[in-house]
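Listed next: structures, encoded as structure tokens.
Below are two complexes that have chain A in common, paired first with chain B and then with chain C.
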Partner chain A sequence: MALGTVEFVQALVNGLLQGGFFALSAAGFSLIFGVQKVLNVAHGAFIVLAAFATIQFSILVTPVLHIDPLLSIFTDSLMLALVGGSVYLLLIYRIERTGFEAPLLATFGLSILLEYLASNGIGPFPALDPSHGIGAQAQHQSYSSTAIQIGPFFLQEAQALAFVMAVVVLPILQLFLSRTYRGRAIRATSQDWEAAEFSGINTKAVRLLSFITGSALAGLAGGLFAFTNSVTATAGDEVLLPVILVVVILGGIGSILGTLAAGFLVGVIMSVSSLIALTLPSQFQFHADLASLLTFLIFIVILMVRPRGLFGHGIAE
Partner chain B sequence: MLSVDSVSASYGNLRVLWDVSMSAEAGEIVSIVGANGAGKSTLLKSIMGLVRTQGGEIVFEGTRVTGVAPHTLVAMGIAYVPEGRRLFPEMTVRENLRMGAPRRCPEVHERLKVVHDLFPVLEERSFQLVTTLSGGEQQMVAIARALMAKPKMLLLDEPSLGLSPIAFEKVIGVIEKINREGVAVLLAEQSSERAMEISDRTYVLENGRVAGSGLSDELLHDPMVRAAYLGVGT
Partner chain C sequence: MRNPSQITLLISLFFATVYPLTLSTEGSRVLSVYAVYFMWISLAESWNLVGGYAGLLNLGISAFFALGGVVGALALFDGFPFIISLLLAGFAGAILGVALIPTFRLKSFYFAIATLVVPLIVKPMVEFLGNRADFTVPQTVILTPIGLYYSGLVLAGITIFGAYFLMQSRVGFALRALGDDELASSSLGINVLLYKSIAVLTSGFIASAAGAYYLQIIGTINTTLFQNLNFSLFPIFMVIIGGIGTFEGPVLGAVVFSLINYYVTSQFPGSTVDTFILSLMIIGVAVLLPRGLVSSLHELRKRRTPIPVK
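Showing the complex of A and B:
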């Protein structure tokens, strides 16, 4: 199949939109890792938890109260802020000073627990089963099939919303980090927590704030995930976490604007790779994997040239 | 104002302080001298809540502060300038200074003016990253950041480290000026003689224990102290 200009530009547009979602997903992870040096591997599961909540919302709340399920992204964000805050106070706070390993194992355990709950249902809320169960049902009701047409190009509505959210929310977060006392306290803590503490900053409160903010971002991303993708209980670990890690490392750990740019880059690479895969003769049999293959190949090459990522090396930019 | 009573401290299994007792009164400069590894830094860190102490107690202005978080001590009026400065490397001079003042600080501009009057060069360097400053200027930022908390007592750990004699003399001048304005100073310093010259009282630490204490003037002229700690023959 010949590669036309329209198809190529459409792939670029799709990549940018998808990249917005990647950036939104990765920003919270990056913030938490930048400040606390905690690799929250449950971040993907947090996103799935929010997606799960949105799917339940679209099934249980929307038909009764006639509220647009899209609005659930804000309740997701609030819910995840609470979940994140609780996880920090009950779990991470007690073990974070012991080193890198304990929080990593704890969040790994937490992600397994969340996956288990999502695949078995939580209380009255049924389990995720996107192939023929409720996940698919919510997908069907969702915005995933609605597209905005601009000239010859199509923008999937939910993806476009993720893009807009990313380009609005992440620069606001960056402004918060660089212009407000609390934001600077987060940066100071990320640079030297002990110095922050003896400069008069309550670093426990700062860590809690960054965990809450990072988790709230996961909530926002998760709500949008429910509209753009087929949600499975294990999507957090299998689909999201690898991409999040690539975006965070390329963006420079703790750099919010770097994460935004890296999200776009990864989105475009994946989208264009998929398009190239489609144009290859079928005997190559690359189709499904070429996007991931190329993304990680480019990722490795970039890291060989710039080991600290493409953009900056800290929250301070 | 500050009293340390029989405080011990360890790093893991390694005990560094043994039953150390000392005090500092309002308006005083108290120096803590001793060889490298004598426990000077650990004593300041113990007071500041950065090292967990075993036994004994630390009291500041009548309140027991043993085990209190460092940021609470700052709010109570103790500020700390650590060995090696520990500035926020990815922040400008102004941002570093701002972090020394509390979140709600209506008088932050007045406090900035005070530290700029003490260190005029820092005003010129306001928007430079701290890492682009010389060692002496970075030491000034570290002291100025601590002063932004408007402390009643300032703990200084090895301010001479990495400074030229001229830069150190400037820092000494500022310490004396801060003290004249009513801030008590606890100065841990390997350049013992200079520290003792500007202080009212001195504690000599040896292997984590107080080996001697007294008025700095008297200790400076004590032949045994001079021989043992100042490297001057009798």
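Showing the complex of A and C:
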């Protein structure tokens, strides 16, 4: 297959759309890590939890009340804000001063727990993938399969939505962090929590706020994930967390706009490299996923040159 | 070796050596159950070298472990005996450790995040070079239960004593100094880069050898093992239960973890409730004993002792 301009541009477009989703998924992780230095390995599981809720919503609520399942992304993000807030108050708050390992283990245990719940069902809600491996998707044809046609290019509607959401929500978050008192308090705490406390900032409230905001972002991303992908219980660890880590490090930890740019970059690298993999003659086709190979190779190269990420402020070194 | 936990360790090693002799030929099948204990001991001990002593939080030890499994499988395919496959796997792990050296300039948290990505980088490379994702070895090269038991015992024993003597040496003191305060130790003339490299190399060697041993336990390695967070984070969990930065801590943690895991799994055969209980256990330990079983007990004892009045 020859590589035409149209296919190439289409891959670029797909990558940008996909990148919006990546950025949305990674922003919450970046915020939480930036502020309280808690590596929330359950972030992927949070996203899957929200996707799970949207899928349940589309199965249980939509046929009865005729509410657009897309609206459930807002209830998802509310729900995840609650989950994140309680996780912070019940688990993380008690142990965050003991060092790095205990909070990490707590969120690790949490991610196993959420994975278990998603694959076995929560109370009356059925399990996510009873057949193991074949994921579920939100039951709404018009979002998951319709594509908007612009000239010779196609935009998948759900992906376009994730893109728009990322482009709208993340700059708002950035404005919140840089222009409002609370946002500045969050940034102050992430730079030096002791100095922030001496300046009269209630750092506990700030940490709670950042954990809630980060989790709410996971909720938004998760709701959209249910429309764009087929969701399995382990997708959090296997699909989302790797991409989130790459995007967060490339974007520079704690930098929201950096995360957005890195999301686009990773999305484009992935989609262009899978296009290249497709055009290779069959004897050069590998069992390996060329897209992730290339993505991670480019990632190492960037990391070697700039360990703080593309948009970080030199805190890493 | 003078303190009680070290003596206990020596006695248990002795019993572990003698135990199979008391079993009949039929009963020796039970020995393969203990292989997992030896694997976890080695993996936890190897994590402790870097994460416990040198204070470098390596969250990507599954990369070493899975790479060891893959290299071990390739060695067995080429007809090498088990022991050579273990050594080759170890060397591959040490080489991967060398590849980690550039990340030493990252500060603690950022080092931790970077190591979390390491398995994700190695996985597609291995798939690309090996041109497959599944490495299943023929049943003929798998050890018998008794061979599996003794090779595991030797692996764990070498790891434990190796860690002990390494920590008694100049290297060990340098590593602990590094873990306490990197700037202060480098100003005292400790070659930070050199000693960190030694720690990561040794740890990588052991973790990869443990991976090749794991291949003997389950007979197959799939590259999804690279991404399996369990193999990166369970060792940390064990080290924390047992006591971070001590050489007997990882052994205690690995044994306690494996015992509980074995007990819970046998209580609910054919069900996944054990995962549920395990997750609650991890959260519980993290929240209630964030400094581990041993040091929490020490703290309790200190609290009970009244402060002497002058």
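Everything below uses one rule, namely that the second predicted complex is superposed on the first by the 298 of 317 C-alpha atoms of A that agree within 3 Å, B and C clash if a C-alpha of one lies under 4 Å from a C-alpha of the other, contacts with A are read in each partner's own complex, and residues count from 1 in each chain.
Everything below uses one rule, namely that contacts are C-beta pairs under 8 Å (C-beta built on N, C-alpha and C of every residue); 3 or more make two chains touch, one makes a residue touch a chain.
Since this is a predicted model, take the numbers as computed values, not measurements.
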Applying the touch criterion given at the start, work out whether A:Leu293 contacts chain B, chain C, both or neither, answering first, second, both or neither. second
One more residue to check, A:Arg184. First (chain B), second (chain C), both or neither? first
If you stack the two complexes on chain A, which partner ends up touching A:Val246: first (chain B), second (chain C), both, or neither? second
Does chain B (first) or chain C (second) touch A:Tyr88, or do both, or does neither? neither
Identify the partner contact of A:Phe57: answer first if only chain B is touched, second if only chain C is, both if each is, neither if none is. neither
Between chain B and chain C, whom does A:Ala196 touch in the aligned arrangement: first, second, both, or neither? first
Check whether chain B or chain C contacts more residues of chain A in the superposed model. C
Going by the contact rule set out at the top, does A:Leu105 touch chain B (first), chain C (second), both, or neither? second
Overlap of chain B and chain C contacts on chain A, residues 315-316
Interfacial residue positions of chain A with respect to chain B in the complex: 181-182, 184-185, 187-188, 191-192, 194-204, 314-316
So in the complex, the part of chain B that touches chain A is made up of which residues? 48, 50, 69-71, 74-75, 80, 82, 86-91, 95, 98-103, 145-146, 149
What part of chain C is in contact with chain A in the complex they form? 57, 59, 102, 105-110, 112-114, 116-117, 120-121, 123-125, 127-128, 131-133, 224, 227, 229, 233, 236-237, 240, 244, 272, 275-276, 278-287, 290-291
Residues of chain A defined as touching chain C within the complex: 33, 37, 39, 41, 91, 94-95, 98-106, 108-113, 115-116, 119-120, 237-238, 241-242, 245-246, 248-249, 253, 286-290, 292-293, 296-297, 299-300, 303-304, 307, 315-317
